[in-house]
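Some notes on the structure that comes next.
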Amino acid sequence: MSAEAKLKELGIELPPPPGSAGLYSPCVRSGNLLFIAGQIPQRDGKPVAIGKCGAGISVEQGAELAALCTLNALAIVRNHLGTLDRVVQAVRVGGFVASAPGFVQHPQVINGASKLLLDVFGDRGKHARAAVGMAELPAGVPVEVEFLFEVA
Amino acid sequence: MSAEAKLKELGIELPPPPGSAGLYSPCVRSGNLLFIAGQIPQRDGKPVAIGKCGAGISVEQGAELAALCTLNALAIVRNHLGTLDRVVQAVRVGGFVASAPGFVQHPQVINGASKLLLDVFGDRGKHARAAVGMAELPAGVPVEVEFLFEVA
Amino acid sequence: MSAEAKLKELGIELPPPPGSAGLYSPCVRSGNLLFIAGQIPQRDGKPVAIGKCGAGISVEQGAELAALCTLNALAIVRNHLGTLDRVVQAVRVGGFVASAPGFVQHPQVINGASKLLLDVFGDRGKHARAAVGMAELPAGVPVEVEFLFEVA
């Protein structure tokens, strides 16, 4: 099934593609690689949560926020390529989790991003990943996720 | 000398390739680039050390743990390609060091990974690198390392 | 205008290309991708600032330090390629900001790197980016920046 058809089947509507929080581009293509800038859990340009995992933000909330980062990334991909169906493979996910002292469940948080990629793209959603714990993140958000896709 | 021959000469046996700690793949190939997921110092699926560099974990221990991350990565590479001899070049290493306040010897820790790549691959082991200090890492490990290889 | 001509017009002289702080290479090329190792704000092999953003280092100082990281990266690029005019596109910037508790203006700090790329390369300087807050950085510097360029 195509990614766009799958998205419809899942009842997911992508948000408008978010702009940048600085002097960078939402995505840049080199050859068949499409690099997506680090996405934060924002809606209409505003962070939907502030805080750290392990201090006010639960693993489940963190995973939902990672999924929202992914929706924002997919909106950028579709805006750039015209359709998600030109994604050949999700290649790499970089997951950054703002972590209170002792919070070590970064994989469970970033699974929120990974699961959405697998749900939408199936085997083409399989990706390598690094998930790590940060001291702080931009604007005080609990999660930031960056993405690398192979595209046609 | 081939990487496999060099490994034998060094008396190194690779562990079984570790699985994933989440909904991602141990490695993903795009073109000639092979992205290896962030590896932690685990043996038989269990972390071999918990703690932070600068608080219970020394630079020397950290470097040994980074080398173990690298062995796990090489096991994944061999499992994927059949042989390490299809590695054309180590390209990039991302080194994440869980850091107690004031610990700033991240390069010395990640040298444990870099040295092993150079020992095994010679000039083909030369790589660019970023080494940084994290608030926390998955499962409480002191070191996580991700890898990018060019492969044939 | 060519990047080298632009650099001259801006009155910028690149420093000597910095060496490595460990067992890695300043840059590695794979295909048309040139990976630059994480650069710290150093001059003549010595860090020009120690501290964290939000505790002794202001946003403005952080941005200047990120620009110095970028000058060091450009020196490495020119040393490798002979001229900056073989840069086809800045592709990705990874910005690491040593952050005191509560410091969340990482984008503004890393803008110091991004602005210089745009100033020197124009449209070819546009890049994707991740900017995040670290617990500590090598040698105690406030900023580290890594770069990926597409080159000819």
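Couple of notes before you dig in:
Every chain is named by a letter (A, B and C) in the order it is written, and numbering of its residues begins at 1.
Operating definition for what follows: a contact is a pair of C-beta atoms (placed from the backbone, for glycine too) under 8 Å apart; a residue touches a chain by one contact, two chains touch by 3 or more.
This one's a predicted model, so the numbers in the text were calculated from it and none came from an experiment.
The chains touching chain A as well as chain B are C.
Copies chain B and chain C of the same sequence differ in orientation by 120 degrees, per CA superposition (steps of 5).
Taking each chain's centre as the mean of its C-alpha atoms, chain A lies 25 Å from chain C.
Along chain B, residues 31, 98, 134-135 each make contact with two or more other chains. Only residues 21-28, 30-31, 35-38, 94, 96, 98, 134-140, 144, 146 of chain C touch chain B when the two sit together in their complex. Remark: chain C residues 31-33, 89-93, 98-99, 101-108, 110-111, 114-115, 118, 126-135, 148, 150 touch chain A in the complex.
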